[in-house]
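Chain IDs A, B, C, D and E follow the sequence of writing; residue 1 opens each chain.
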Amino acid sequence: MSGHEIKRRDFLKVMGWGGVGATLAGCDMPTTVTLEEGKEEVVSYMSPEEFVIPGIGIYYASTCQQCSAGCGIYGRVREGRVLKLEGNPASQINGGKLCQMGQAGVQTHYNPDRITKPMLRKGKELVEVSWDEAMAELDKRVGKSSSVDGQRVAWFSGSMSGHQSVLLDAYLESVGSKSHFVYEAINSAVSRAVNAEMLGDATPHYRFDKAALLLSFGADLLGASSSPVHYSTQYGEFRSAPRGMHVQIEPSMSLTGANADLWQPVIPGTEGVLAYGLINMLVNKMGYDASGLSLEVRGLIGKYDPAYAAKVTGISEERIEKIAGLLKSKSPSLVLAGTSTEGQRDGYNATAAVTLLNVILGNVGKTIESSGTFPFPQMAAKAGSSRDLLSFASALGKKQYDVVFFHGTNPVHTAPNYLGLVDNLADVPFKVTLSMFLDETAAVSDLVLPLLSSLEDWGTHVADVGGSTQTTDVTIQQPLMKQLYDDTRGFGDIVLSLLKARGVEEYTGFDDYYAYLRDAFSSTPEAITGGLGTKAFWQGSLQKGAVSIQLDKGALQSNPFASEVSEHKADPSYPMHLAPSARLGMWDGRHANIPWLQEAPDQISKVVWESWAEIHPSTAAKMGVTNGDMIKVESRQGAIKVKVYVHRGVHPNVVAVPMGRGHEQYGRYAKGRGVNPLKILSQVTENKTGELALYGTRVKVSNASDKGTLIHMGDSESQVGRKLVSTVTAEVFKNTEGGGNSVA
Amino acid sequence: MHINEKDIDENIKWAEINKDVLKSMENPRPAYWVAIGLCLAMLSVAVVAEIYQYQTGMGVTNLNNPHMWDLYIATFIFWIGMSHSGTLLSAILHIIHADWRKPIYRFAEAMTTFSLMTAGLFPMIHLGRVWNMYWVIPYVTDRGIWPNFRSPLVWDAFAITTYLTSSALFLFIGMIPDLAICRDNAKGWRKKLYTVLSMGWRGDDRQWRNFRKTYMLMACFLIPLAVSVHSIVSSDFAMSIMPGWHVTSFPPYFVAGALYSGCAAIITLFILLRYFFYFEKYMTIAIMEKICKLTFAIAMVWTYLNLIEFASIWYGHDMVSKELLISKFTGPYSFWFWLMLFCGSVVPFMLAFKKYRCHMPTMFVVSLVLNLGMWLERWMIVTPTLSLSYHPFQWDVMWPSVVQWGIVFGSFGWFGLLFLTFVKIFPSVSMYEVKEMVYHRKREAGSAASEEGSAAPVKNEEGNKATPSGSGTPGLEGA
Amino acid sequence: MSESRIFLSSEANTHRSGGLPRVMWMILLAFAVMLPMVVNAADAIPPKGTYDGKDVLQPIEFPHDTHAKVNQINCMYCHTYARRSKVAGIPPTSKCMGCHTVIATDKPRIKKLTEYWEKGEPPKWKKVHDVPDFVHFTHEKHLRRFVFNADLPVENVSEVCGFCHGDVKNMTVANKRKPLNMGFCVRCHEANGGPSDCWKCHK
Amino acid sequence: MSKCRIMGLFSDFEEAFCAISDIKEGKLSGVSIDDVTLKSPIEHPEIEEVLGERSAPVPYFTLAGAIFGITFGFTFLSSAQANFLVQPQGGKPVVPLPSNIVLTYEMMILFAVLFTVTSLMVCGRFMTKRSSLYSEKVCIDQIGVIVEMDEADLESTKELFKKHKVLEIREEVKQ
Amino acid sequence: MSLSNLLNDWTRYRQGIEEGGFHDYEHIFGMAIDLNKCIGCNACSIACYAENNLAVVGEEKFAKDQGMHWLRIERYWDEPDLGADDQEFQEHGASFLPMMCQQCNAATCEPVCPVAATYHTPDGLNAQVYNRCIGSRYCSNNCPYRLRYFNFYSYYETSWPAPLDQQLNPDLSVRDKGVMEKCTFCIQRIRVAKDTAQREERELVDGEFTTACAQTCPTSAIQFGDLQDPNSKVSQLWKQYQVKLGTTEQSKQNKELRGYRVFESLNTEPCVMYLDRVREV
């Protein structure tokens, strides 16, 4: 397989290190400079492409795989090495921009802790074996000749799309398995369900660049959202004149909340009441028309008078009225629900209340647009949810599987303790992990297959956020350089060889995944190729990094419904709420082994390299802790000890412990660093969708009597009267920059 | 305790002076060897620390982004400051014919030279790339690059080179007649050494005549030089825009601080030498008292300049400097700041009391405390400014690492070693000048007592026409 | 001489030439303090300095003289990147084989080359002309300055290459003949009005 | 007629002073005051009253050194600055006067001191061989008076010395 | 340089003073950073790590403030301009401030370097020449923004274990211990664009070059360009907001207009303009 790869892409070959003014060794410390002739080596290409010139960088288009947003990227390649990633300006999703995780893609690729050979469990240890041995083992377990029952084979993956997804479906079909679990720790499954029911579109386009007011119930659009760069570029537009206003209601400040004009803390689990309270106020006091709603809904709204909402949420009636007033005065608006609203016992109902606000305010169709229908459903994104994790765990508990494949996700790290995943997995006879790293899941597997990095592999992706109402992109992921390790293989290649091992006729003709992709592209309908020849279309798509697909026009319906939000009950023995907030950077923990991201300060606390818990100063004062002191966060499922960061961006009843760290395995940068709040999540699920209720855990917090200091960037959190960040009011902004671009 | 009111007993025989001083070069008290051993031990700490720092990088010092300078620079200024008293006082006192300087100026000048040599090490230790240190020197290359003559650090390099050269020469020139004495009395390698160093001193009138002019001229040049050197060192700070550094009064403040710490160091070394070499006859308590009074005066000048600085910042419009000042008084370094003020402004009041001035053990401790205060002053100049300057996001409180402390500590060993070696090899009391002092004092005493005609050494047989009337013999004409 | 023609055609250097420094240096001389470097370069001198490089053992003893002198092949025919990139580049093995599948195939060196070609592995040449890693030398700009913009016939490019690489035409394996240190660069920059901005070469 | 030198050692300066005064007053024929050299363990500026103002040109050298320091310093600095390849001036003039004045000042002092010391070596006839008349006692507590004269006057000189209570008289050994 | 050149230079300098600053440069690269748009996401900072071979120093060294982030996002909690601070909650969010070397035209770091390792280039940039630096660290002390970073260790030995070192950008040096470094406005990118322009015998065009941070900024809050080019986007922005070089206090016709430079009263002449953060109250 690797033989023709060289021929295929000789120009991606890594040129000799010393080849072109090498990089290393900076200045002339006497010991580090060798300038003698004949010390360094210089190597030429064998027969390069015309456009490959040593010393001049070339850019190739590809797709970022650092999260599932699917941003288009350019990789700068010099002497066969990819040096830097930049956004692809042609991309509909990110428009030439990239977030920190995307920038760090090169460090995933060049990571020193990648596994370079297949690993098979022999006895207790995982030992490196050859691909032949690994494939033979696979064949023995799930091959054609094996006696495996297809029903007892499961595939557990992260969200995926494109041709890989098609290929995987084909494989699972050939095996006879119906168990494909798609799990993402950071997901928006509840919102999808609500949107699908109320608007008839699970992932409508949110157009807050068109909105005058963005009211977010914990939706961390700019941070850990389904497409951070896409939303950030939109946010840039939103903030330009005429500047939209942003109100954020959440238990602990997210990156998005940090940018809000008004940040309102709220007790997790009372957002639904607040939303209903707002609806009540809009309908009863501000004269919004509720006649379109059913009697049942209207009756329900009537129950939530502002006084009640104020009582439950602890937010003053004036404040609720102020927000309602803003909603009235600033139209169109956009109201969004995020993880803190969704991740509750009745998150579905709360999210529905939030979405109902959009309906009542008339935002549907204005700031919420239909996402159209993608004509190739088999390639569309399979969005991850945590429900799949729960059902997988319960199936494991019932010993339903003999063979489990893991790919693109790390459930052993992100699953709560109470699921007992590790113990249950021990009972599965054969676990295969396709991974670049020996992470927690790989470490408990019986066979680990080393994957190519996303910068070495082929693939196609379809994002479910971004794009316009008319078109969406099938983005292409192409190798930016020759693979670093000979004994790593692409995901597509592995699935393809599994398919071949199952003896599926259709696929025997393809040498490798690349051949499969080429074939798939050569059969593209002319409507898409635009009449270009196969080769020209392929080259053009590669250069652009995407194929633009015309969408079937969709339309949003409005099917308003409402159901009661259960009363928020206090828990005297565990009085605090745990907010396991997700952050751009570590994400769900998958980027914990990237040194750049470990050293990138957290946006809110500016902490690096370790975990921390955010609490409100009043809480801290009660416990007698200050910044850097150790506290113990204890739920019914366990306890973690973590240093504390005190600021006023947290509700006093909430302790927020960002997720992403606390790895027991993984690489040198991640291992044994920080804590994982997901481990102590309580056994709370969302009633309707069966999702894990991320924000539903009650904890008690105590002073662990261990003084310390946080490792963080910066010192003063106040500007001490220097004019560093100068702030003007929106009034002034409006006066000077107003609606147009003209400046008075 | 008997207090000798005279600076020196003018009846000392000249030969006795020679004998006493030459003896000091042979048989010190055992404490001397203990001190040498102590210095060696201290120095070895610094050597180990420096090797570690050289191999690993400056990071081992705990320096960090706001704190790019710390103890090394503070100690550099401290040593530079200490170097000021020796030469400067010696030169000033020489010019104003204060003859009580004569028994003590030699070791004071040696102190200047060696503390300068110690100080000179610190900018090197502090450099990130010591091996490229020579780039600060303006030498001709074909690369067409020079040092940046605008930089106060280059001024430092010029000034320190000049000062070190000049003060070493001043010390050496002043020592030539004594070296001749040593030459005449030494044996073995010492004889060769002194023969070379005494440069053929014969003591004839031509040599004395040129010697006198040279010495006076050098003294004249050294006074402004010494003042300029510490002013230039102060411009390392005063030329920057940082609050707490950008202070107009820094040059005089530094010079005053320098004289202060130098005087305190003179007291310390005075007591040490007096003890090591049985110099009670020459380093008398009367002289000690004079130094103490001088030190007290300078301490008050220093205190005044401190107050000036506080006042001008307090009533000024620069809010950042004011915040910095307040934080010096109340912030993380406030303990050291108050300690500095205590050591530098309160402790010297002990010098105002004769009881303490004349009590050697007390003075030894007091002088060390004064120098501690002066060292703290330099630290409190360097570090709080870096901790709390313009950009609050980069504020930080930093405590030096053991490597820094080790090197600073060891620098005292280095200085001590150089100094103790010097006083063992060279006469630490100027013999010829003590003779001059005795000679002139005796004549003064003689003139006062001439009516009795007892102790008058002046021969008057040939009538009064042949009476010499040199300096130091006023009033003889009328006799 | 063509070299001097090149330099005479260059613009007079506005930054550094002439009077006062020379006078100043004269004063310095009079005080007899600093002797070297007094002779300020006139405006038409190629870089000065020689260096006695040691022989480097290459995987194949490439005969530059046969190619460049006997067969009159232009430097830039093989080192083709020089006109476009900061590096001149070692020619790709395919370029060698372009001729040597036909020419002189029986010579031992060519046999060695063919071996490399068949293995699919380019030879690992040893670097002869090396500058420290903090020096970013650009071939392209120097060629533009001295060849293309100076209207030098491209056939004569080896004269310009020779400024820094010595007379490679008369060597087999290239040998370092010029010091290639900063003084060497700077003197030539001075003489020919090259930029004197540090960041041109050091980044 | 050959010349010879003798040295008389006196126990204190006044005796020597009187002896030289006598020579000055011509009490010793054939010996002028210019033939007299005084050697002393300490400096006796008052001897000029009898020996007269003998030349000591050190200050001229000092002046020359200072002037050289100023001219050389400033020239050197500004030529270095003008020849600096990159001209790191950042919007300031090529030759910055404030810093050059500071540096020139230092150079002035440095060269003045160096010239002074050199001139001392030269004018004071340092680093020459000591004559056989040298006595270690001169460096302890005795005053030496060296007189150079014709051999004929030897005895009268000795007489004069003895009159002034000379302790010891040394004659130069003839080679 | 001849006597006449010296005199010319003096004349230029005098004129510069009269015009409020010495701006006789080929280019003056500058930035405009809109704090209304900056969301503090850190993308720029990581882009800078990727572009400029910035070392990862690790936990212990970062804890000692020995990190090497040329571009840092500062976060402040107080609200000095919106009246009193919020008492209980952070109601107006955080204040983010991306700080990179401000490329001051009257840089305080330049005159103090003893070996002229930092100086002003004809591009109007404040250059740091690594191989000339001897590590006296005076420049950093004299930088009111504290935006210079020192190589306290040989970070390259530990920062890029193989194969991470293959990512290093060969267009600029990797710094050894004892060397000061700082943001260069991605000089290597500017140089590539300039070389291309030179090769094609034309002027540098706005938009063909940009810094890594400006390139990646998701909200396009950072704009980069040549202030000498009147048509560049960034000089248009400076003009639009009536922010000028060569003054210690901006005098705007419209006092309400946003736009300021950090610590401009210190007369450092920074080339980075910040547009005020906006909050609706």
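FYI, a contact is a pair of C-beta atoms (placed from the backbone, for glycine too) under 8 Å apart; a residue touches a chain by one contact, two chains touch by 3 or more.
Just so it is clear, the structure is predicted and the values come from calculations on it, not from any experiment.
Undergrad: Would you mind naming the chains that touch subunit A and likewise touch subunit B?
TA: C, E
Undergrad: Can you list every chain in contact with both subunit A and subunit C?
TA: Under the touch definition, subunit A and subunit C have B, E as mutual neighbours.
Undergrad: With centres defined by CA atoms only, which chain is the most remote from subunit D?
TA: The chain lying farthest from subunit D is A.
Undergrad: So, comparing each chain's Cα centre against the centre of all protein Cα atoms, which one is closest?
TA: Most central by this criterion: E.
Undergrad: Which chains share more C-beta contacts than any other pair?
TA: A-E
Undergrad: Quick check: how many Å separate the C-alpha centres of subunit A and subunit D?
TA: Measuring from centre to centre gives 90 Å for this pair.
Undergrad: Determine the centre-to-centre distance between subunit C and subunit D, using the mean Cα coordinates as centres, and give it in whole Å.
TA: 62
Undergrad: So how far apart, in whole Å, are subunit C and subunit E when each is placed at the average of its C-alpha atoms?
TA: Their C-alpha centroids are separated by 36 Å.
Undergrad: Just give me the whole-number Å value for how far the CA centre of subunit B lies from that of subunit C.
TA: 57
Undergrad: Do you know which subunit A residues sit against two or more other chains?
TA: 20-29, 714, 716, 718-719, 721-722, 724
Undergrad: Where does subunit D touch two or more other chains at once, residue-wise?
TA: Within subunit D, residues 76, 82-88, 92 contact more than one other chain.
Undergrad: Hunt down the residues of subunit E that sit against at least two other chains at once, touch-wise.
TA: Each of 1, 5-6, 67, 72, 74, 76, 97, 111, 116, 119, 130-133, 154, 173-174, 177-179, 263 in subunit E touches at least two other chains.
Undergrad: Can you list every touching chain pair?
TA: All touching pairs, sorted by chain label, are A-B, A-C, A-E, B-C, B-D, B-E, C-D, C-E, D-E.
Undergrad: Could you pull out which subunit C residues touch subunit E in their complex?
TA: 14-21, 132-134, 136, 138, 140-141, 144, 197-199, 202-203
Undergrad: Provide the residue numbers of subunit B that touch subunit E in the complex, in ascending order.
TA: Subunit B residues touching subunit E: 56-59, 62-69, 123, 126-129, 132-133, 135-136, 145-148, 150-154, 157, 236, 239-242, 386, 389-391, 393-394, 396, 398.
Undergrad: Touching subunit E in the complex: which residues of subunit A?
TA: Per the stated touch rule, the residues are 14, 20-29, 32, 78-79, 81-87, 94, 96-100, 102-104, 106-107, 110-112, 222-223, 228-229, 232-233, 235-236, 239-240, 243, 245, 248, 253, 255-265, 484, 584-585, 595-601, 603-604, 606, 608-610, 618, 647-649, 668, 673, 709, 711, 713-714, 716-719, 721-730, 732-733, 735-737, 743-744.
Undergrad: Any idea which subunit B residues touch subunit C in the complex?
TA: Interface residues on subunit B, with respect to subunit C: 140-144.
Undergrad: List the residues on subunit A that touch subunit C in their complex, please.
TA: Residues in contact with subunit C: 6, 16, 18-28, 33, 35-48, 53-56.
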